[in-house]
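In the two assemblies presented below, chain A is common to both, partnered first by chain B and then by chain C.
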Partner chain A sequence: MPPALAIYAPIFPEIFLALAAMALLMYGVFGGDRESEVPGWLAVLILAATGALVLMQAPGAVQLFDGAVIVDDFARFMKLLILGGSGFALILSFDYLRDAKILKFEFPVIALLSTVGMMLMASANNLISLYMALELQSLALYVLCAFRRDSVLSAEAGLKYFVLGALSSGLLLYGCSLVYGFTGTMSFAGIASVLQTSGSNIGLVFGLVFILCGVAFKLSAVPFHMWTPDVYQGAPTPVTAFLAAAPKVAAFAMLIRLVEDAFPAVATDWKQIVIAVSVGSMLLGAFAAIGQTNIKRLMAYSSIGHVGYALVGIAAGTPEGVKGVMIYLAIYVVMTLGTFACILAMRRKGGHVEDIAELSGLSRHQPMLAFMLAMLLFSMAGIPPLAGFFAKYFVFTAAIQAGLFWLAVLGVLTSVVSTFYYLAIISKMYFQEPAANFEPMPGKLRFVLAVTGVITLFLFIPINLLVTAAEAAARSLF
Partner chain B sequence: MSIATAFFYIFAVVTIASAIMVITVRNPVHAVLFLILAFFNAAGLFVLLGAEFIAMILVIVYVGAVAVLFLFVVMMLDVDFAELRAGYAKYLPVGGLIGAILLAELLLVVSAWTIAPESALRIGERIPGDVTNAEAIGRVLYTRYVYFFELSGLVLLVAMIGAIVLTLRHREGVKRQNIGDQVARDRTAIEIKKVETGRGI
Partner chain C sequence: MYSAIVFLPLIGALIAGLFGRWLGARPAGLITSALLTTGAVLSWVAFYRVGLSGEDARIPIMEWVRSGELQANWSLRIDTLTAVMLVVVNTVSALVHIYSIGYMSHDDSQPRFFAYLSLFTFAMLMLVTADNLLQLFMGWEGVGLASYLLIGFWYHKPSANAAAIKAFVVNRVGDFGFALGIFGVFTVFGTISFDAIFASAPDHVGKTMEFLGYQLDTLTTLCLLLFVGAMGKSAQFLLHTWLPDAMEGPTPVSALIHAATMVTAGVFMVARLSPLFELAPVALQVVTGIGALTAIFAATVGIAQNDIKRVIAYSTCSQLGYMFVAMGVGAYSAGMFHLFTHAFFKALLFLGAGSVIHALHDEQDLRNMGGLRKSIPLTFALMVIGTLALTGFPFTAGYFSKDTIIEVAYARETEVANWAFWLLLAAAFLTSAYSWRLIFMAFFGKPRYDEHHVHPHESPWVMLVPLFVLAAGALFAGYLGKDYFVGEDYAHFWRGALFTGPDNHILEHAHHSPAWVVWSPTVMMVAGFVVAWFSYIAVPSTPAVLIKTFKPIHAFLYNKWYIDELYDLIFVRPYIWLSRQLWKIGDGRIIDGLGPDGISARVIDVTNRVVRLQTGFVYHYAFVMLIGIALIVSYFAYVYWAQFWKGY
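== the complex of A and B ==
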């Protein structure tokens, strides 16, 4: 390798992913067969290869392009999560896309480009690179939401997400311009050093608030959550699975780096906002989900709640808190993908069904599927010894160590409330008269469900590995 | 009065006049044409400022693409402007009141506006005289800012794929012209029949 290129080695995974996505696009355009699973499987392979490239990198932090991009242990941890989330979501997509007659090669291509955006979000170290990576990711997601273009719901989801997403990008950009105006620099380190010497002022706090509003929208945190249920419900189910997993990780990675690297000097200001958003999300996630009859809408409210719990870790503002968030995200991605594998298995002769009532008596027909779904839902509720318990345990202990007792107590109370609606589904599956049976579960869904189920069930044995990795990654930020 | 000043006044007056025409003419097609005139004169103002690159971009992007797009939209949508204007008098008092409040607030804000003295320090360096705009941008665009440049390329690629995948429909049974096939056709593909006069086929 020529030495001039070697300095770009830290972002080889992203370059590889982007080039591979373009090659896949060419393959799709000129490769002939329009309805084929080959591009999708190639995309999964590409994601796996990118993951291998990320794993092969030496530890330590490197900055590139005048500090616009930083690659450190934190970024690598998040990138692996993102790649895993995208890859498994793609594996979930094939059968649904075939049933809906939208098995096109563009789907994996757009998903790969969106993943490039997410990985660059995790590495963004300057306001412009943050914004542009975010736009790359979001633009691809808008298209994916509207991918089933003959369905009114899907088109509505795409349009709603696009319009509100554009609005939130505007807020974020406005905030960025205010912060740039008041500090005179775009780089996170520069902003931090200006704030260190000159202190905070009202204009800068305005900018910070706008940026956090934009990020809260991308996270679907209260009070910027309104789009979530409609988009989750309207988007094709594999897209919902994609949307619920990897982009959340990327948005959290971006938020953590932003507040910890650029705004540590005004921590009291952003902590108030993060706490308020977190409390709102936890409460809404717990109460609004109770009345839902559509399982995808329920998952939307559940994800709002999970975002609230994860934000508790950021509100702590300590390395412990960041570690907690990272563990939370890793477990959340696994649980979400597993649950969506179950939702995608709700399939009858006439097509996919989404009503929770359709799950009645599932344990009679498909005891294994019912057990797995029940286990995943228990895990989401945070029942030990399942993985979801550890997720909540680490963020709440970090909050307690940071003196936020009431926030941790509120988190525990809202998880108790959320247990109610998870249990309602489980009782439907086990104690109600059976509805008609579903079609047998396709092999790909079985595979994803098996992997995520085993991780959720047995994570308590190797939990230390995850904790050590998250601890090392979190330390690179402080 | 120097020539530059004279041109400034010409461009400025035409820009403002055509901008007013854009929102007052009744025919929307005329409005878009006045918008194009406004863009051209704004480009002239940029040339006077020495920002010839922005002037070119303004003409190419705004006149060449955006205004033409507007023109197509206006022609295809067939908006009934008479209907939109209905109730104009009814809403005038409330609308006028809100407008007046907004104007008063803006005046208050602008009158209290001060520019921090240290902001002068943060203005970027001027381009050296012997380098043109386009060259100066080119020097940093593909070197220092290559990351942002490539990233925007990816964003545009996604936009392009998205637009195609969401709107392109392959219709069955539509006959398309295939020039290769036409040219490659030999004499055996057609049959010439002699029809005798007065007989018919």
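== the complex of A and C ==
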């Protein structure tokens, strides 16, 4: 390999992924094979290969493109999570897309492009690359949400997401320009050093507020969450699964790097924002979900709540906190994909159903499915020894170590409230008269459910491996 | 050997309890009976070795509790006191086991019954072999549990369940005092081991301790607390209410637990702790007073009862009072002697009553009996033997033991003991009267049962043989035992197992009582017999006339001095009222209302409001976002400008 190329080695996974997405597009356009799973499986392979490329990289931090992109252990950890989340979400999509008659090659291509954006978000090291990566990811997601063009709900979801996303992009850009105006630099390191020497001022803090609000929109944190229930419900279910998993990881990666690398000097300010947003998300996630009858809407509120819990770790502002967030995200992705595998299995002759009431008495028809779903829901509620317990344990511990006792207590209390709606579903499945049976679960869903279920159920055995990895990754930020 | 004596019943209980269903009823009964009989024979061997040959023993079983200063090992303390109890418990228990094979033969859950009986025996043996207070307490609670299970054995009968609960709850009151006493002993002595306590007890004479904010005499306080436990277990006045109700259990249970063994645990405890009690004269006076009161109280009530088992139950209560009087006046050996003889004749009476009940197909009311001496002559003869022994007919068991108690009460010459003496004399009269009343009502006169449908028949031999053994005990135990227990072999027999102070020569005094004192119990016995004979044989109309004439007194006695009603009024009803209030208002309205129900209702309210915010309009959503950002920006503007202006 020529030395001129070798310096770009750290970014090879993204380059490979982008080129492969183009190649896949060409294959789709010229292959003529329009209604097929082949492009989808190819995309899964590409993601796996990208993951392998990330894994092959040597540890340590490298900056590229004049500091616009950084590749370090933290970025690699997040990228692997993103790739895994995208890959499994793609595997979940095939059967649904065929049923809905939208099994098109564009779907995996767009998903791959979105994944490229997400990976770059995890590596973004200045305001420009941050915005570029975010937009690449977002635009692809807008399209995916509206992918079922003949469905009004799907189109509405895409449009809403797009309009509000544009608004949030505007806020973000405005914030970026303020920060640039007050510091004279785009790079995170530069901003940090300016703040270190000259201190903060109100203009800069305004900029910070706007940037954080733009990011909070991507996280679907309160009060920038309003799109979430509508989009989750309207978008085709595999897209919802996709949306709920990897993009959250990317947005968190971006947020963590931004606040820890660019704004450590004004930590007291951004911590207040993070805490406010976290509290709002935990409360709303717990309370609003109770009133839902549609399981996808419920998952929307559930994800809002989970974002709130993960933000607790960021609010701690310590390496332990970041470690906690990373563990939380890893477990969250697994649980979410497993749950969506169950939701996608809610299929009758007439098509997919989304009403929670349809789950009544599931334990009698499909005891294994009911058990897995119940287990995943228990895990989401944070019942030990399931994985979800450890997710919450590490962020709350970090908060307590940082002196944020009340935030941890609030997190536990809202967890209790959220347990209510998880239990409500479980009680429906186990203690109510059975509704009509679902169609047998397709093999791909079984596969995803088995993998995620086993991880959720038995993570407590090798939990130390995850903790060690997250610890090492978190250390690269500090 | 001693370990075998203690653990054989446990093995039997486990076999019958765990495998009883698989074994079947008859084998379960046979196995437990065989084990118990072995235990009983070994107990007599032990009695011979310890009591007569003087070989005390201490057998460690295991290290048990080791927590800070508190150390308790599980070991068997074998001295004469233990040996006497071993003989009593195992003999009666073995006989009751054998008797039950016949008595319970129509019951559906015999293995359970035998398992409970054996479990009880094990717990009782734990109690009597205890080497420290904790071990004693463990056996104490174990017999309480077994008693509860056996009273409620016929759990489908509501009255049996109520009686079982009553026994348990009333015993809780006593056990509370007992537990406090143990805590107090540990606080004062720093140990719960008998030897250590007894060794240092003399150092604490006259010292005071703080209890409930008062400075009280240490030993008196401790002894009284421990005695509260004894009162509960031994059904002494005010805590006696559970014993008559406990007759709801099967009759063999009444014989074993509620006559011969468990109820005497309180007496045993005082005897075992005699080194403590002997140093607390005030406590001893209380023991005397309570004992005498119980003796007379139970005797007066017993004379007005019509249920054959209840009469005997009150008789038991009364005799326990006698034993406590003996303890209270410092004649521990006299109390133990009466305990020993009482076990035989009271078990005989109970099992005989069981035989009568069996013959009449579960009829317990004396008013529905009569004339039975012709149809069940053996039972009649045995019951008469039991009655003779109970009333103290010369040279039967009761004659020696009960009369000794009356004599020592006289010899004590304190005011309380003097009162006790007269009360016991009166009680002796009443004892004779109600006992013969029972015999006359059941076995003489014309049959008052339905002769066309009920044909009384003698019980099978498996039930009668144990009765013969007990009858032999009732006749000869007193004569054979008197020299050892209270006579010239006293020192050689007890060898310090019972502690008596240097000034305590009560038995010697008693031997030199005036003749009228020696003869008075016998006179009372005869007087009681004459009154009963007159009322029920010579002039059978007497009772009706008496009841009519002394209606309030009869009602008072018949209703057991209204103590149950009093408790119902003072404790049960306010308690139920309070519970209802706590349930309805405390739990229902306050805890549920503000707690689970209230919170969940508020959660739903919040949910509804939040959900209503989700209108579906994009501009509303954008508005919320902008409001959010405006709030955050305003907050920081405020914070920064406040800082800014502070600078000027």
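As a convention for this text, the second predicted complex is superposed on the first by the 478 of 478 C-alpha atoms of A that agree within 3 Å, B and C clash if a C-alpha of one lies under 4 Å from a C-alpha of the other, contacts with A are read in each partner's own complex, and residues count from 1 in each chain.
To be clear about the criterion, a residue touches a chain if its C-beta (ideal position, glycine included) is under 8 Å from a C-beta of that chain, and two chains touch if they have at least 3 such contacts.
Nothing here was measured: the structure is a model prediction, and the numbers come from that model.
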Looking at A:69 after the superposition, I want to know if it touches chain B, chain C, both of them or none. Which is it: first, second, both, neither? first
Applying the document's definition of touch, where does A:167 land relative to chain B and chain C: first, second, both, or neither? second
Kindly classify A:471 by the partners it touches after superposition: chain B alone (first), chain C alone (second), both, or neither? neither
For A:420 in the superposed arrangement: first (chain B), second (chain C), both or neither? second
Would you sort A:202 into first (chain B), second (chain C), both or neither based on which partner it touches? second
I'd like to know which partner A:439 touches here: chain B for first, chain C for second, both or neither. neither
Does chain B (first) or chain C (second) touch A:22, or do both, or does neither? first
Help me check something: in the complex, which residues belonging to chain A touch chain C? 159-160, 163-164, 167-168, 171, 201-202, 205-206, 209-210, 213, 217, 222-224, 226-227, 229-230, 269, 272-273, 276, 284, 287-288, 290-292, 417, 420
Could you please specify the touching residues of chain A with respect to chain B in the complex? 18, 22, 25, 64-66, 68-69, 104, 106, 109-110, 113-114, 116-117, 120, 128-129, 132-133, 135-136, 139-140, 142-143, 146-147, 149, 158, 184
Touching chain A in the complex, chain B uses residues 122, 144, 146-148, 151-152, 154-155, 157-159, 161-162, 164-166
Any idea which chain C residues touch chain A in the complex? 600, 603-604, 606-608, 610-611, 614, 616, 618, 620-622, 624-625, 627-629, 632-633, 635-637, 640-641, 644
